[in-house]
Structures are given as structure tokens and as C-alpha cells.
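What follows is a set of notes on a single structure, which appears directly below.
Labels A, B, C and D are assigned to the chains in the order they are written; within every chain, residues are numbered from 1.
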Amino acid sequence: MKLLYFAWLRQKIGVAEENLDLPAEIATVAQLVDWLKARGPRYADALGNTKLVRVAVNREYVGYDHRLKPGDEVALFPPVTGG
Amino acid sequence: MKLLYFAWLRQKIGVAEENLDLPAEIATVAQLVDWLKARGPRYADALGNTKLVRVAVNREYVGYDHRLKPGDEVALFPPVTGG
Amino acid sequence: MIRVQREDFDPGSELDALTRGRTDIGGVTSFVGLVREMAGGATIAGMTLEHYPGMTEQQLEAIEAEARRRWPLDAVLIIHRFGELKPGDRIVLVATAASHRDAAFDACRFLIDWLKTKAPFWKLEETAAGPRWVDAKDSDDQAAARWTRK
Amino acid sequence: MIRVQREDFDPGSELDALTRGRTDIGGVTSFVGLVREMAGGATIAGMTLEHYPGMTEQQLEAIEAEARRRWPLDAVLIIHRFGELKPGDRIVLVATAASHRDAAFDACRFLIDWLKTKAPFWKLEETAAGPRWVDAKDSDDQAAARWTRK
């Protein structure tokens, strides 16, 4: 699965983009985030406060209960600050 | 007293500006308007519906009870439609 | 700053001048009013804007001063034309600059709403049936009344 | 129409293009957002705007479409920059054209309010104490919430 990180989430995790093979039991965004947090301290730090983590799947905002499909592009990022 | 008329009020009265010597008993805008209406049918037509007649004295909006002073510039015009 | 003029204006250079060399302005809201070809159910060939020289400027200055009292504004510009205009021509520009966008938006709308009910301008439209003076709109009175302080 | 670009833009020519040759537009409201030198209590030397290419455009298009559903608009333009910006630089232009000014004003403000909470951009400010990511503002969430349909 293709994962994208932006802004301070990208800086904390240390990469902008990665392709990860997810365990079969990961079905939702919430499960993905929990699995990522267990991958190491950088992920745990970046994703510790999920109030500050927005999720887009295939470039559309989704909630944490959104179900993932193979081939999805999942982006994790802080609340936006443009304009 | 210097009197100015604008827009359809000017067209109905037939002049843009005139200097008139007012009788001494005319103290307020309301008295001035009544006196003008009695001057002839053009004035009576132009000033017939005072809901459509705005008054400015020395370039400031005033009400009909405003007291006139010698040398005032009095303007009568319809509700404005700029912008 | 206010200007009452017969000539057209260039919104781009006017807006540039408002913010040039400044680094304290967060946003500029502007409104440009244009002559519409269809007005009040008729096609118009053009219009003439009459005004009251002297009082017009004085009223616009008073409206600008009122906006500056109500909102923290870094810059205000009102340009209003008079004379003969054709469909598509610019009539008026109102622009407000502020640190924050809420002040810029509110003040800009206030200025155009108040200007429409207070600045002494009158529109004479040329229609196929002859010239006709535009009636003041209740909707403009209501828009201005939004800003009346209780 | 939406554009996401690194380069600066010229508000004057953009606004001209919006209304050129048209006689059905009564008013154009626009908002230009600029980089402020003082932000969050610190002086900033500049900022970098990061975005999510692809999603940014898609979100801005969705926001434009929503505005067109809500108001009768003759034209909509959103330009948003990314990359490195200095104090005083333009960040964003939002412009709306309509027959009547209420629609133009409401839609313009809706667009900037929604854009600020939905379009994936992130500001990294350069301060004397080093770079710092701008926090999302509660006031922006509240501004966007004004437009939530009940």
C-alpha cells in the first residue's frame, strides 16, 4: 500500500512516501494507524495524537472507520493551514 | 438661498440650481418644501411625494424639521442609486 | 482614500498600490461593480451617472471614516465613476486591507452597502423605451440596515 | 477555475480576464491573501507552503463546485501558490463574479473559509528561533462552520 506523509508528520516519520505490505488483518484506517504506531518510536511520536492526524484515501478525506482496499493511496497529514 | 435639484427632481422642476429669496417666516426644511410646492405645478409634481425627496443642507443629510440659516446650500433629490 | 472620477480605473494597479511595500497586511478584499446589460427586465444601451459634486466626496469620506472606526483597517480605497457608461463598464471599486480577513470582508461589504444608500449618485438608464431613472431598491435599504448599530 | 502554482500571479489581469467581454456580470468580489511579517507573535523571514499535488487541485475543484451549487455565479477563480514566499508576497486569490453583489460576497467568503480548512496546504514559517509549522486555528474552523448546512 502506498503511504504519503506531509508537513510535520513527514518530518517526524522521516520519509515523504513509502510502500508497505500490510498484514491481511488490517481492514480500516484506524487499524492502519495503530499498526504504524507499533512500527517504531518515530511513527508513535508522529501519530500519537490522532486529533492532529487527518487521513485521505485516494485524495479524498475519510474517517478512521473507512475500509481500505488494495492499491489505495493513503495520506496522513496534520490539519491544513493554507489560504 | 441657494437651491440644488438632482436626477428626476431636477428634470421635473426644470432647473438644476436657483437662488431664491425666501419669505422670512420659512424656518425649516418642511416649510421650504411646502413653499416650493406652492410656486407652481412643476414644483408641486416634483415634490408631491416627500417620501421620495431627500434633503441635504450644506452637503449633509438633514430631516424635514432641520432649521435653515441664511446662506445655506439646500439640495433636494430622490433616493440615491449609485454603487 | 476616495476618488470620484469620470475616467475608468485599473483595479490591478489600484490594488497593487494599496499593499506595495507593506508586510503587515494579511488580506485585501475588493468589490468591483459593473454595468449590466439586462437591468430591471429591460436591455439597456448605457447609463448616465449623475452625482452631487462636493457632497459625494464628503459622503464617501464619512463612510470610509465610519468603516475605519468599526474595523482595524490598514487601507481603504473607494473609486466611483460618474458620467456615461456602457454595459460591461466598471462603475465602482471598493477595497479594504487588514491584518485579518474577517475585518477586510466585513468592512468591504459595509462600504458598498452604505455607499449604495448614502452616496449621492443617480443612474439614468437608456432603454429601448427611452431613458428611465433607476428606482432605489428596498433590498439595498435592507442591506444597509444590517450595519445599523443597535 | 482553479490553479495551484509556484509562480506569483497578477490580480489585475486575472480579474480582467474574468469579466472581459461580458455584460451580464454585476459585481466581482475578490480576496487576496498575503504573507504577514508578524505572525503568531514572531517576526518571520519567510515561509514555505507545502501541498499535496493532485489532492489539492481536487479539493479546490470540489470547493468551487460547492460554491456554484449554493450561489448563482457567473465566474469563479481560485489561485493558490506553493513553495517559498517572503513577507508581502501574495499567497492566494479568490474571486467570484455574479449578477448581484450578495452572491459574489457570500461565495467569495465561503471559498476562502472552506479552502483554509479543506485544501491540503501546510505553512512552515522561518522565525529567528528556527522553522515552525503553523498550527491550524480554531477561528478558521469556526469560520468554516458558518457555512455548514443545517
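The criterion applied here is as follows: a contact is a pair of C-beta atoms (placed from the backbone, for glycine too) under 8 Å apart; a residue touches a chain by one contact, two chains touch by 3 or more.
If you're wondering where the values come from, they're calculated on a predicted model, not measured in any experiment.
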Practice task
Hop across touching chains from subunit B and tell me the fewest hops that reach subunit D.
Solution key: 2
Practice task
Calculate how many whole Å lie between the centre of subunit C and the centre of subunit D, each centre taken as the average of the chain's C-alpha atoms.
Solution key: 23
Practice task
Please report how many Å separate the Cα centroid of subunit B from that of subunit C, as a whole number.
Solution key: 26
Practice task
State, to the nearest whole Å, the distance from the C-alpha centre of subunit A to the C-alpha centre of subunit C.
Solution key: 49
Exercise for the section: At least two other chains touched by the same residue of subunit A: list those residues. Expected result: none
Problem - Sequence positions of subunit C contacting 2 or more other chains - result: 33, 112
Handout entry: Listing of all chain pairs that touch each other, if any do
Key = A-D, B-C, C-D
Completion exercise
Within their complex, subunit C touches subunit B through residues 33, 49-52, 54-55, 58-59, 80, 91-92, 112, 115-124, 133-137, 140
Practice task
Provide the residue numbers of subunit B that touch subunit C in the complex, in ascending order.
Solution key: 4, 6-8, 56, 59-61, 75, 77-83
Handout entry: Touching residues (chain side subunit C, partner subunit D) in the complex
Key = 10-13, 15-16, 19, 21-38, 87-88, 99, 101-102, 104-105, 108-109, 112, 143
